[in-house]
Amino acid sequence: MLPNSADLWSIAPELWLAGLGVLVLLVDLVSGPGRKTAAGAVAVGGLLLALIPASAMLTWEPRTAFFGSYAIDGFAVFFKIIIIIATALVILAAMDGLRTRFEGEFYALLVFTALGLVLMAAASDLILLALAFELVSLASYVLAGWLKASPKSNEAGIKYFLFGAAASAVMFFGFSIVYGLAGTTSLYDIPVRLRSSPLPALYLGVALMLAGFGFKISMVPFHQWTPDVYEGAPTPVAAFLSVASKAAGFAALMRVLFVAIDPARVDWALLLAILAAVTMTLGNLLALPQRNIKRMLAYSSISHAGFLLIGVAAFRGTFGTPGLLIYLLGYTFTQLGAFFVAVLIGSQLRSDDIPDYAGLSRRAPVSAFLMAIFMLSLTGLPPTAVFVGKFYVLGAAIETGLLWLAVIAIVNTVISLYYYVGVIRAMYVLPAASETPIPEPPALQVALGIAGLGTLIIGLYPQPILDLVRNATLLLRL
Amino acid sequence: MLSLITFLPLAGGLLILLLPKTNHALMKNVSLLASGASFVLSLALLGMYQIGGGMQFQELYRWIPGIAINYHLGVDGLSLPLVVLTTLLSVLSLIYSWRIDLRLKEYLFLFLLLETGMLGVFLALDFFLFYIFWEVTLVPMFFLIAIWGGPRREYAAIKFFLYTLVGSLAMLLAILILYFNSDPRTFSVPELIRQQPLAGQPLLAALAFWGFFLSFAVKVPMWPFHTWLPDAHVEAPTAGSVILAGILLKMGTYGFVRFSLPLLPEAFKQYAVIVAVLALLGIVYGALVAMAQTDLKKLVAYSSVNHMGFVMLGVAAAAAAFGEPDKAQAATTALNGAVFEMVAHGIITGALFLIVGVIYDHRAHTRGVDEFGGLGSRLPVYTGISTMAMLASLGLPGLMGFVAEFLIFVGSFGIFPYFTAVALTGLVFNAAMFLWTIQRIFLGPFNERWAHLPDMDGREKLSLVPLAVLMLIFGIYPRPLLDVINAAMAVLVGVVR
Amino acid sequence: MTVGLTHYLVVSSLLFCLGLYAVLTRRNAVAILMGIELMLNAGNINLVAFNRYVAPGAVTGHIFALVVITLAACEAAIGLALVMAAYRSLETVHVDEINVMKW
Amino acid sequence: MSVLAYAWIIPVLPFIAFWLIIFFGRRLPGEGAYVAIGAMGIDALLSIAILSQVLDGATYQANIVWAMLGDRALEVGYQIDPLTAVMLIVVTVVGSLIFIYSIGYMHGDPRYSRFFAYMSLFAASMLTLVLANNLLLLYVGWEGVGLCSYLLIGFWFERPSAARAALKAFVTTRIGDTFMFVGILLVFFTLGTLQFDHVFEAVEGGALAGPLLTLAALLLFGGAVGKSAQLPLHVWLPDAMEGPTPVSALIHAATMVAAGVYLVARTYLLFFGSPGHEALTVVAWIGGITALMAATIGIVQDDIKRVMAYSTISQLGYMMLGLGVLGFTAGVFHLMTHAFFKALLFLAAGSVIHAMHTNDMKEMGGLAKVMPWTYGTMLVGALALSGIPPFAGFWSKDEILLEAFHHNRPLFWIGLVGAFITAFYVFRMIFLTFGGQLRSAARPHESPRVMTVPLVVLAAFSAVIGFVGAPWWDNPFHHFVEFEAAAGVPFDLSLALLSTAVALAGIAAAAAVYYWKVVSSASLRRAAGPLYGLLAHKYYWDELYGFAVIRPTLWISRQLRVFDLYAIDGAVNAVGIVFVWFARLYRLFDLYVVDGLVNLVGWVTGKVGGVLRFGQTGRPQSYLLAIAFGVIVLVIGGILR
Amino acid sequence: MGELAAFIILSAVILIPATVVVASRNIVRAALSLVPTFLGVTGFYIMLHAEFVAGIQVLIYAGAITVLILFVIMLTQGGSGEEVRQVNEQVPLGVTAAVWLAFLLLLVLPRTPWPLSPGRLPQYSAQAVGSAFLTNYVLIFEITSLVLLVALIGAIVIARREE
């Protein structure tokens, strides 16, 4: 049978994104050299437009489109919004710094990647999931290796590729096993069939799949590409990867684990808890010595993945999933903001070394102030976004009796203080190398401002977000 | 009303951010205006407050109803004095900081932010809100130390930040434990006190207790968590030290009295002896170590350890008396003493740090106790006030410190007679320590090196004399203050009993 | 005896592990890519076999296999492009020589 | 409304005077002196008025609520009874005289007005102490006088010796005070009140009895020992002579040091009530031994004021002795008489010093001609001190010996020996100072009128005041200040004669050595040998304390400081956060902050890195290996669970 | 019976060249021996009645990908590459990992009671696949094309020399 029109409507945002990608390419064609920024503008505008249909779906009844292969529910919508906003901000931030040919393609690829991420978040069919996953991966490889002139970027690209390709190969093998166990690829049918299937094979399949998801969310032990890629890739791309694809990865992970791999029968809590603990600890310890802001943020993003995993591990409680979502949202704004400052410094000072941030409070007061806020937020101090997230995940851990995990999380928070404060120290305490003010380009300022606002607002008045999150979680399972 | 008091300083701070960087006078005036206004309001609060009226001026708004978090402020006999103390010390510190002009804008903003945070801590009745304010105080203090501090400021700042963060995160766990064991789940402190969520569960109660303990004990600071204090004090700028010693430390003891005691009475009773022993160590140890210090600020810092030890002794005694009606009287007395000591120590140590600042910041630029001598003959006013403050600090009757210590001892003697007896030796060491200091700095032959030192100027007098007057008044007739406290403590003991 | 699902699974498992071994040990990026292709093929064998023995009603497995093949092609294209680019700037295709960044 | 109701004014006046002088100092009449004297004068008049009323049997008591503790009120107030009245007289009268004297003595001192301020503050505290009707207020006054003594001893703080003496005085007494404080706490804890009459009722009611009562009494006595410079806390008083002489006269002779005696008298019931008068026995023995020991030290002192100091200590010992042997009245009586004649002696000594600008008797001599007034008055004082009838000292000391004779024979003999020595050293002083020829180049002159007049007045008192205890008017003092349970023993002529004889013998001996020079003091010294050394070193008390108390304390505190710097800091950093990495990272961060980022990186790559770096080789394939093993571990974990 | 024989032969055709691919020091030979492997897999597909998949497999794998790989080998280093070490120093670890995983797979998969169903595939699977692509899996189909587009752009961007 053929898909009906309702199905088409229900993927309006996705369609729009696809179209937008092409549109950007066209704009890029028509706009002469030097005025490629137009393409970026178009991309940003289009993404913001895509928010309209997306947010319109917030209140829809949960259902699937395309014969159960595509889920339309608050959960998906939540992630769509996160992803789209993140992409828009990233493009805004990129517009000033990036001056290569293929600029238009850059934006287009970002848009397509966003589309892939959106699909990942909503895919309810293993095949579609695999597709979306690869769509994202392929685009990301290219974006990471974008600056062909720079060896670092090349290295990032090829490392990312090898790592990703292997990971997805492993994941596909896992998919195939799950398919074999269930005889179907539709996530919502799988649990029905799985009831009778034995555990070992299932664990095998899931373990193999985790390789893929773990790679996307950079969970230990699938995390090691992160620092190299973040350092090598263009900073905006790093920001994008650390936020958007991580978010989508979590979305897919949650959906697969909770919907397909019947949680009632399989107890993931302990496994995930251990992974969370290891991930956050390792990420922190490795972040400590970094003096390159991007590497530092990379490792910190690993440790944050650990914190997010607490939310996954504590899915049984009432705080787990909401915790994960709110944490992700807060983390999105904060991390993006931090990376944007890195973009600014990287493009203005041609350096990513934290020591070069010395005296930033005088040279670029606004950015420095925001950066300080971001750092404190990443540490998890109130009243900032990530604090609310941490509050939730800690609550979730305690609620589900994972007190030890909460303790580890706290210790890690304390450790993380070191390197975050290190940045603040550089900006505010150390003497400036030169007093010449650093120009703060408008578009970047806008992106920064939005990120900062998001960080503070979520921290100060999270209620609306919480409502959003609640119906996102309520709608998760059909 | 309370919100106004709390957020006026912050508003001022934000306003300052908008002012032109160059116009120092304006910024200073604005800051003074903001915190001054909040001070006046707090006085008005004092005026309107009905003694024995329980929680008053409550403000309750739904904030994050999703998880039962409210914006809930309220003031009672415990918090009121501390609030007034906070506003007062802030104003005085601002007056004192008049000479600062290094990165003035940031300084004032952070300072006012800090004030808001502290006021919030004392006024918040919702754990979430409390926690936020609690953490908010952390950051500005860190900056104040790290930017305007002494040579090893960064080390001290991060040490301070670190210790307190560890503590406060532990507290966060405790809070969450309480939350998840309450039914209906709530962060509201009065509600939790009513529910006594952990009454039946010793293990969880113990966990929660130690969670709170870690956080508060670090703030107090209790032995052996005190080591951040000397560094922080020594490196912090004068105003910072004043606020740190005068108010931030009280946040810890306040936490013990406000939360640990009524929320986890059994647990606290169970571990009261340990707490008392630690307090005792703090008392004797603090005094002895202070005696060995040559840096005036360190000396005062350690004396703070000693005094906060007295406070904790009182609190622990009160906790130990839980569930024994015949000791309720003693418990009340001890708590009265403890809270009174909080205020007294706030005033006295605040004054002491200002005094150190007077000699260090703009005159001698050294704090070496042994480098002075005979200042008494050249700086009579300064000598007078300093001597008075130090005498007050060593618990001389007729001055504020004595009243507090007397009450604490009277109360705790009924519960921990032997501990109290030991604690009293702390008094002797204190006396010896301070008098020796006085002798080394003000007495003896005049050290010609300081021939040029001028006596205190008007601004310094303005910031010190009020404190001196308060020491004297409450030292002679503590009743006005004590009645306010006593009512609240009676209620508290009633609850705990 | 007749050929059953298990037989195919065994072969695919072996193939998968061979591929993995290549991925882990080959220095040449292209060789690694080959290993990856082997792993993908192993997966495909599974898919098709499962489709035959477990869910013959639909052709899901085939679809999946086809998709994977397509993806494999794309990966090969992009991957090899990256290898070329890397070769231009770094003059090597040996991945253990491609580490400008560590720490 | 009787004047008693206004007695609270008495301490308030000097207090106000204090603040006035502090703030306006030189701008006041007489640079503040007149203000102080005025206040004291009014007080003196008030006290006399009060005394007159009390003689008619009036008593008074008033309270205010000082603090509400829970639902219990802690009251403070003042009371007036014979004992108080007597003390008031002593303090105010002697006080005002000394104030006047000070005008002359302190003339030209740079901190002239400050001096009177402190003196006023002292008066205020002392009067509070005397008037207090409860232990709390008494303690307040108690510490207050301690403070003033501290300030005044260190008045000439440019002299390091003075500063040291001040510190020594305060801390030493503070040690005693701590015991007293514990005693107060004990009383409050057991009886729930601090007000004397309530306490007494309770004690009589048996609410506090047995060993606990003894303990409480002794703890309180601890305070007295400190204040009244009894063994073993007497060491501060001699050094206290660093203060200006009027101070020594007022504080360290007449009033403050007597506060200890007053305390014992005030809480006599607690001592008396202790089983078998144990507490009293202790008091008596400490007093007796102190009396004898101090007297012996007095013999070898050459500093005129130190002689006085030791004599004060020994006299205080007598008072304690008196109280201890159930001679309540006797003790108080001696307190009063001693206040007058010792103040007299000090002031006279002061006038001598004023003239000679030295304290060393070796450089004096033959002053009798130059300063007749001083000489005359001092002679009276000396006679009173050595207990020659009819001078004041005779009556009171005789009573003490009398009581001792009846209740504690050994102490009686000690007292008797003490009496002999007293007479000896005091006349040794007289002869050295006034007798013979001037032994220095100084140009002494009689002191100004403003100094001599108080001398004369005090001399008059010292001469006659004793008669209030004279037996042939059946000893009015006994009926005025008495403790029913311990009624005085009737006068005993033979004993009186004996003590007089002993005193005369003492004088004779002194004359023999220092006036007629029958034997030279040097030969005596040689004869005494080690004994002399012992006395010269004041029985090595200071050395003992220095060795056994002060140095250890300082040593400990220094050690603790080091300990704190390293041990605890380190330990807490390690223990405080229960996480093994943390300790390292902490040190590392310490490095980081102190020496900057580079060290950190170095350190980490060295330490943490050494462990973790393996993982981060930068080689894709080792990462892939991690994936493989990760998967394997996950699978195994999955299967094995 | 013949089926089993075919299977065994095909397995050999798959696994032996695969080992060559993995182990050969000569990179060109490795690349070339991909072909038999892929063809063997194709054989499996035919045995499994997946003719369409088989066809695609031949076209894309045996054809396109292998050729592409050979191209790149030539463009990058050229030659067999035997002169340089082809394996890194973590061979033992690699072997361990591979063997372990094989062990686990062979431990788990064969014993798993797969939910076998007796049904038979549609006769003309090609047609079935085609219609499925255009009906139930249309979304997947479209996305696939999108992926191709992205891959195209990406490959161009990366592969083009930066002037």
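First chain written, first letter: the chains are A, B, C, D and E, and each begins at residue 1.
We take it that a residue touches a chain if its C-beta (ideal position, glycine included) is under 8 Å from a C-beta of that chain, and two chains touch if they have at least 3 such contacts.
Bear in mind the structure is a predicted one, so any value in this text is a computation, not a measurement.
K.L.:
So which chain ends up closest to the centre of the protein, judged by Cα positions averaged per chain?
P.N.:
It is chain B that sits nearest the middle.
K.L.:
Name the chain pair with more contacting C-beta pairs, choosing from C-E and B-D.
P.N.:
Higher C-beta contact count between the two pairs: C-E.
K.L.:
Just grab the chain with the largest centre-to-centre distance to chain C, centres being mean Cα coordinates.
P.N.:
Centroid comparison gives D as the farthest chain from chain C.
K.L.:
Could you grab the centroid distance between chain D and chain E? Build each centroid from C-alpha atoms only and quote it in angstrom.
P.N.:
102
K.L.:
Could you give the separation in Å between the centres of chain A and chain C, each centre being the mean of its C-alpha atoms?
P.N.:
26
K.L.:
State, to the nearest whole Å, the distance from the C-alpha centre of chain B to the C-alpha centre of chain C.
P.N.:
Chain B and chain C have C-alpha centres separated by 66 Å.
K.L.:
In whole angstrom, what separates the CA-based centres of chain C and chain D?
P.N.:
Those two chain centres are 96 Å apart.
K.L.:
Hunt down the residues of chain B that sit against at least two other chains at once, touch-wise.
P.N.:
154, 158, 162, 166
K.L.:
Can you list the residues of chain C that touch 2 or more other chains?
P.N.:
As it turns out, chain C has residues touching two or more other chains at 5, 16, 19-20, 23-25, 32-33, 44, 49-50, 54-55, 60-61, 63, 67, 71, 74, 78, 82-83, 85, 88, 95-96, 98-103.
K.L.:
Note the residues in chain D that touch 2 or more other chains, in rising order.
P.N.:
Only 577, 589, 593, 605, 609, 616, 618-622, 624-625, 628-629, 631, 635, 639 qualify.
K.L.:
Name the touching chain pairs, would you?
P.N.:
Here the touching pairs of chains are A-B, A-C, A-D, A-E, B-D, C-D, C-E, D-E.
K.L.:
Within the complex, which stretch of chain B touches chain A?
P.N.:
63-67, 106, 128, 131-132, 135-136, 138-139, 142-143, 146-147, 153-154, 158, 161-162, 165-166, 169-170, 172-173, 176-177, 179-180, 207
K.L.:
So in the complex, which bits of chain A are touching chain B?
P.N.:
361, 376, 381-383, 387, 391, 394-395, 398-399, 403, 406-407, 410, 413-414, 417-418, 421, 425, 428-429, 461-463, 466-467, 470
K.L.:
Please name which positions on chain A make contact with chain D in the complex.
P.N.:
158-159, 162-163, 166-167, 170, 199-200, 203-204, 206-208, 210-211, 214-215, 220-222, 224-225, 227-228, 271, 282, 285-286, 288-289, 291, 354-355, 411, 414-415, 418, 422, 425
K.L.:
Where on chain B does chain D make contact in their complex?
P.N.:
152, 154-155, 158, 162-163, 166, 223-227, 285, 288-289, 291-293, 328-330, 332-333, 336, 374, 376-377, 384, 391, 396-398, 402-403, 406-407, 409-411, 413-414, 417, 420-421, 424-425, 427-429, 431-432, 435-436, 439, 442-446, 477-479, 482-483, 486, 489-490, 493
K.L.:
Which of the residues in chain D come into contact with chain E in the complex?
P.N.:
So the residues of chain D touching chain E come out as 619, 621-622, 625, 628-629, 631-632, 635-636, 639.
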